[in-house]
């Protein structure tokens, strides 16, 4: 209720502060019998980790995850899986100057007003570091979904600040620190980041995430629609200011005569809806795009006030990504996986005994429309 | 869990189908002692009601609400408020032709795949008619929020298909059936709608909603952020494909040096964040925009399949709005009110004893940035 | 959150007051495809109904249930099932004298302190009348459980005031208004009730409820144990002051060497645990007993105070059961059915893919221990 | 949903297995600004700890709690409080013999049927060791309730096997390992335990718990009644088979003319209801009694089966309490505190603005009836 638990049946309860002793999460509701070890999780954590290129926070800690419970002899037991990540590189001295003032664009002011006090060390609970346990939980969901349904999750950066990134090849995504699906654009992105860093400034980004092999029928019709829960998950990610499903805002100016995706015996003729109709998955790719605002922690001095309401000037030193969007891709993938996982269990609970005489579109046919290369949004 | 309940503490459980005996909702958790009668609710229902102009569905029923419980001698008692709206104009004959085929862009296919059967009459549960109980519940939330906190909710249409609607004056909004904040644009909008209707086609829309007088401190930090819950609420509204808070997708190309809203002793210098920092309300206006796709029910024939997977052609007759966005404004206002209401109670539960020695920005000052006319996006 | 919703996946949201326009409930999460009509529900409502013998409240109303949604052509659709029961016989004049005073043993005082106001008509929301929607929802759960798992629910009265009722035959239960499993005791029970009524007094009762054919594996290990949820359900029934599972309080003085139910290849050798081990169902009968306090509404004058804290004397006129326990049997059955139903769906959600190489005890063998006649507690 | 989270607003998510790396919990929803350190929690943990007398498990580990998050400079911040207790004395070798067979009265069989596999080390998740995090969370609730409302919690043993323990003085409770409120009975209890241990047998117990200084108005009227939630909490405690509130099962044979607690200007004349009317607290003491079954882990050989369904004989070696009830008192106190805490926040959420012109009974007067010494049952 205080917002630290994600999901209804695959429930992830997150804890920790950026510079406290540890961060982590408890996953309750994981099906039993899933082969799981620390390496399965560590792999995803390493993708998210700071310090992996010069364009992201130079926080040098391993983010090593420890499984505290819920796994016995390499298999999940159906009881809560507690994951612990110790904070080893805390450097809380960097943040001393922000105790009494409020950084523009940050949660400093709102935390203080809500709770009457706040942990100022490294942003405390509002730090993007708290996405690490989410990524860890997402790794568990991804493994189960892959085994049970063949579902996979892929994200990439489609814009860095003013630079639109063309979608050339999914194979390129892991080859650069930006998760850009294009090799040719990388030098331009690197130069852009360097100039921002030099200027003490920051920029935003747009990320696209897709899920493939999603079972048909996930999502609840009225309020907990699959797309509503995706929007909730994505807008909750630090710095996100917008979410689109399928054609998103482009659908405003579209006509109904071309917009509604036609159905053919071999599958849907298009996927403008982004894989969801009436809040329920169609079996097509889930297509999600998010807008990330520029990092608020910048060296450039900005006007603010202190707790007494007096004018102050704030500059933020310490390590900060000039674009938090660079690390957002694996996090957005994890969030999408958590939403799909939760709805897979919810669907099984209510509709586990539904049998259709004949699905109108065979499973492989339903995927037809998405065999074409993604258009990047 | 099956998605018919909205909210955690101010809980609205919705029921009904478009052409069943009745629709309605049960509101659990409303504070006691609120003066409430049917007229309070009916007023908002009438704003949403079809049949009020030639541009919306000609469904001729009064949508009269009956309070079944939870109110005694004109005051809420703290027990569940059940609201009932009988369906009087059902015309189920209009929908006979869609029983065996799936309308493109509709939930026909996904409901059938999820549940193994579906109620085809008027879209059943997927009909936009089910937003009426939401609007009714929103009216209760609005009344309480206005009395306790002075909070108000205002929405308008900012684009109809390709037509951008300038923000001229809030006072114009109730004067036209489009909720357009401009008198001059109305003839153009009417001509556009007439041409669509003639062509058997439909278009999308963009709606902007604002909340004013929102208490500081609402929203939970990690997952149930205020903006995350707003995104969930809005994306769950029929036909919505995108949600933005504050500057939304425009923040992708912005620079941090200008983006983060500076704090001054007299209030925030800007509101690019849209009234939320770190998922918690700042006391500024909440600024939300949604993209609505074109109505899927159109006269133009479209390709589809039947339940046996054979090709079919679908034309939709019966009454349908060429733009569902026209009626979306009061619904979006209601959804925003429900989110704020729920978080007001959640905040009181956990932080009801927080006392600040001195709020950095006085209540009225916090509002300063939003005294300027809204820029529409 | 305000306590009007029962269950997590099979969710029953109750509304209404004893003398308001209507009572009812919304069931969300019912599996689709269940054949259901009003008669299925009405049958159970009629068992609970007042006015069926001279020993229970002479409230003469039919309690006719109307299905408002969630059923199409005689089958559940998977969307919310709203059930409505109009209050037709309200006689609110009988209760005028209790507006300003607090009846001993009643919720008058606590409602007023909690909410600052209360609906005094017929006990308002605290009336036992509000168990009718629970019984109606239970009828839906019972039908699904019977079809899917062969589960059945049977309750009886095992004590009326000081009179212990021997268990002779389940077949006798429906033959008398007390749900007594013995024909011979009925005249004694009737004489006892007549003497109480004459004396303007009331008595308590003990009810036993059993579920048979419960699937193995229902219940969550730590907090939402099956027996914990049963205790929650039963203690929430009006006037209940105690709950036992299996041997209950008799287990205090028992020895471990005889208490733990041994397992044999043909099934459990006994059922002292009452069908639950570690919070999870064993496949044996669920055995539950509840203690019901004497009706608080009696003619005998009692001391109380008024809202100003001044002494007052309260006598309760109007219709009241001298023993509310007489009507409790079908309600307790319904509550047990709701708990089992909810856990059946929860179990399917998490463990729907669990396959055991060989269940240690075959399904029919697991039942062996309960083939013997119940011992009544 | 998988049963590892307790509470709605003060939410405690428990994790761990008896012989895994660690156990612990995450408390979400704690009000900010509460002074809290490890010693506050350790004190209660030490009361529950095994190894403190020869009558309880000789498990020699300190159960040292570490606060991982949610506290900054000695105050709760409003964010999740994660508590970690490392398992240091695991001795898993003691349990090797139970991997393939099912101990009578244990959860071995049901876990295996539910999940298809189980962690056999020390009972895994079904071990009473998992009550330690609950006690730790209860310590936080107790501290807040004491500061905000003056609420206190006291429990004692009222029966050990066949021995009824008279209530002589609360002051005696901490002076003996049984939590017995009588000094004179202690030698008899010790002799009884010694004889059981010698015989390789075990016995049950009855525990009584009280809360004093409970605010009036806690509890939700229909389903989440305060007594219902207490019954849920208590029945969920390992080995509990029965729960009573107030007069409990004794109310079956009582008469209404004496049972309903009369109200006097100076307070209630009695407390047969146990502090709850209509599911809502009256301001009197909460009076709760629980029945605990004999420990199932005993040396005496018992019949069982193995996973292939073949007959087997089970003897349990290793350390086990001959009466788990001996350590149950601080756990039951913690559970009661968690229920009251959760309802205190729930009440504040909905009714935080309720103001009564004049409470009928002044706060101190409401307590009058409970100044008399408790009668023990």
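Should a chain be cited, it is by its letter among A, B, C and D, assigned in written order, with residues numbered from 1 in that chain.
As a working rule, a residue touches a chain if its C-beta (ideal position, glycine included) is under 8 Å from a C-beta of that chain, and two chains touch if they have at least 3 such contacts.
Here the structure is a predicted model, which is why all the values come from computation and not from measurement.
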Chains touching both chain C and chain D: A, B
Between the pairs A-B and A-D, the one where more C-beta pairs touch: A-B
Option in B-D, C-D or A-D whose residue-number contact pairs overlap B-C by over half: A-D
Chain centre separation in whole Å, for chain C relative to chain A (CA means): 45
CA centroid of chain A to CA centroid of chain B, Å: 25
Separation of mean Cα positions, chain D and chain A [Å, integer]: 39
Where chain A touches two or more other chains at once, by residue number: 1-5, 8-9, 14, 29, 32-33, 78-79, 114-116, 125, 221, 346, 349-351, 354
Chain contact topology (line, ring, star, complete or other): complete
Chain C residues within the chain A interface of the complex: 9, 29-33, 78-79, 148, 221-222, 345-346, 348-354
Partner chain C, residues of chain B touching it in the complex: 1-5, 8-9, 11, 13-17, 20-24, 26, 28-29, 32-33, 66-70, 72, 75, 77-82, 84, 114-119, 121, 124-125
Chain A to chain B touching residues, read off their complex: 1-6, 8-9, 14, 102-107, 109-116, 125-126, 130, 159, 161-162, 199-206, 216-225, 227-236, 241-257, 259-265, 269, 272-274, 276-283, 291-296, 298, 300, 302-311, 322, 346-347, 349-351, 354-356, 358-362
